[in-house]
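A quick write-up on the structure given underneath.
Chain naming follows the written order as A, B and C, and within any one chain the residues start at number 1.
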Amino acid sequence: MKLVVQDAPALKSVIDCIVSLVEEGQFEVKSDGLYLKAMDPSQISMISFSMPKTAFVEYSLLEDTKIGLDISQLSNVLSRGKKGERAELGVEEGRLVIKFFGDKHSRTFKVPLIEGGDKVHREPKIEFKNYVKIRADAIKETLKDAKLVSSHIRLNITPEAFSVDVKGENGEVKAEFQSGSTEVTEIKTETAVKATFPLQYLEDMVKATSASSIITIYLETDRPLKLEYELEGAKLAFYLAPRIETE
Amino acid sequence: MKLVVQDAPALKSVIDCIVSLVEEGQFEVKSDGLYLKAMDPSQISMISFSMPKTAFVEYSLLEDTKIGLDISQLSNVLSRGKKGERAELGVEEGRLVIKFFGDKHSRTFKVPLIEGGDKVHREPKIEFKNYVKIRADAIKETLKDAKLVSSHIRLNITPEAFSVDVKGENGEVKAEFQSGSTEVTEIKTETAVKATFPLQYLEDMVKATSASSIITIYLETDRPLKLEYELEGAKLAFYLAPRIETE
Amino acid sequence: MKLVVQDAPALKSVIDCIVSLVEEGQFEVKSDGLYLKAMDPSQISMISFSMPKTAFVEYSLLEDTKIGLDISQLSNVLSRGKKGERAELGVEEGRLVIKFFGDKHSRTFKVPLIEGGDKVHREPKIEFKNYVKIRADAIKETLKDAKLVSSHIRLNITPEAFSVDVKGENGEVKAEFQSGSTEVTEIKTETAVKATFPLQYLEDMVKATSASSIITIYLETDRPLKLEYELEGAKLAFYLAPRIETE
């Protein structure tokens, strides 16, 4: 196989979206693109990643391949790619070959493949009826606000507004964005919905996005959420289990 | 009560001037402004803070109120205020309510009030006859110079110059600013005066100032100093006990 | 003696090139300039530093002098010099006096001299026939690439290219710069040569250079390398022992 992207740092950005959540992953290289489905070690969140072959300037493949990788090692290598360099991915003698190259220089890294389990991860079957579209910087700042008082955060969508609220020992935080504000470009909901989630996972999911990216959060009361965005031609979807208070 | 400042980060800057010195403080909200007098835990320094009601765009108050707060918690919350947002302070059910808001969004933080002791702090009664006015960046850099060799610093004012000198095991440092230099805009003294102070306290007192702020240092030989400046409409005065060598 | 440089931070840059490798050093102040030859504590590398008197705006000296200094202490003091200030070096009562001064202010630091051993360091007598000239940023980035997988790096010069390769437990790295690329401006070699070196030492040698500096690396198979560049009028040469694999 030979997969080439025009701009080496783009590949790094994409992998940065998953490196905080997933330690190891088995990429599937198919005729139409690159895929990864993985769960975080605690099995609270799941990621579904896809990068269509159109995101590459060259995409040659004889047959579908599976590539098991240590994601943080992959991220370390990809961080060495520089603006203006192309990045080429290949496989050679049981290792992933990552080559960054310019006109008269090249740098080649080889990293060992790892055994991927045969376990197949399926995306949760949830019919999402409600969502909010919010700028990445707004959700990032809101998570920082909430972090001051708690490790969990409650998300609320009503027809009028998207809001979060948090209660902790050191106080309370509430943030509200009305529909049609600069930050929240769209709200779709049939009713008021809410659910509580571990904050750190949400931070990890959005931290590699750029400030003006639009993030879609699908929310059902006390069900897993789905968080979705696009980056450098790749599509990222995350699922996160809610915390349900039992009384 | 309802106190509103035009620019949320301004409030953060002001509290940053005291957060390094004071752990807890009891603010007094009076009809003409906000006040705080507090000592650092080691009782070596004292701070007198005031912010007149003219520094607020809205200042409503039924009766004088005392508000005991954990200053570092207050600082953490204020650091969440963003440029372009207003900040509103209120009290509700024994908690301070801090609200940052823009056009179509708002973020509200509630932090618990704490019991303030009834101890009244009075400012030292010292008749200061000598002072120097110096740019904040010059005094900050001088403190960094001195820190290389000692944890204490001697300040000297003569009619011609403001200088500091320091002796330590690793060497000596001496810095001198002549009257009328870019850094020292004014010296007033009847005689030569000098006193030695713990360096860290001086650093904490000036670190939140902007580079071009003018700081007034009042100095009497072997007496506490008074250090004064204004910031975002607030007035800050610090007193610091000297170290007197006994032989 | 009285040695004055026009721009205080320049002196800091120069000392920063040696501070990571040498703990103590005995500078020789001669009629034509300032010299230092020193070995790192592990005796794997050697530095030869010279700064001709033309690099100073004032250079007065009655007789040749030796000045033993703690290099990291010297670096700390020099880091206090600011743009726009001159820096003056002198000796007084067994201490080095470093004075930074502007128009109406001055800052003076005195640091104790230390005993220098009488041991004379001589530069290795190697006839170098091969070298490569490479931009500082290119070699720095290459060292970072290599660091991902190993603590050692092999350098190779052929008539066509300068390359490095590294093998470690976590993978392999190979970087290649063809002659005449933006990064490698000149290659001179009669044959292919290669040798392996500890990576950290190379990093320390080049880290204080600016991105566009040209660094000359002299290389002979399995012999010490010589690495050379100029900075702020000073000339720096480093020698580094190779690691030779024994079988």
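In the analysis below, a contact is a pair of C-beta atoms (placed from the backbone, for glycine too) under 8 Å apart; a residue touches a chain by one contact, two chains touch by 3 or more.
What you are looking at is a predicted structure, and each value in this text was computed from that prediction instead of being measured.
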Same vs different contact residues, chain B with chain C, by half of numbers used: different
When the Cα trace of chain A is superposed on that of chain C, what is the rotation angle, expressed as a multiple of 5 degrees? 120
Distance from the CA centroid of chain B to that of chain C, rounded to the nearest Å? 44
Two-or-more-chain contact residues of chain B, please, as numbers and ranges. none
Chain B contact footprint on chain C (complex, rising order): 73, 76-77, 80, 82, 95, 103-112
Per the touch rule, the chain B residues reaching chain C in their complex are 138, 141-142, 144-145, 148-149, 170-178, 180-183
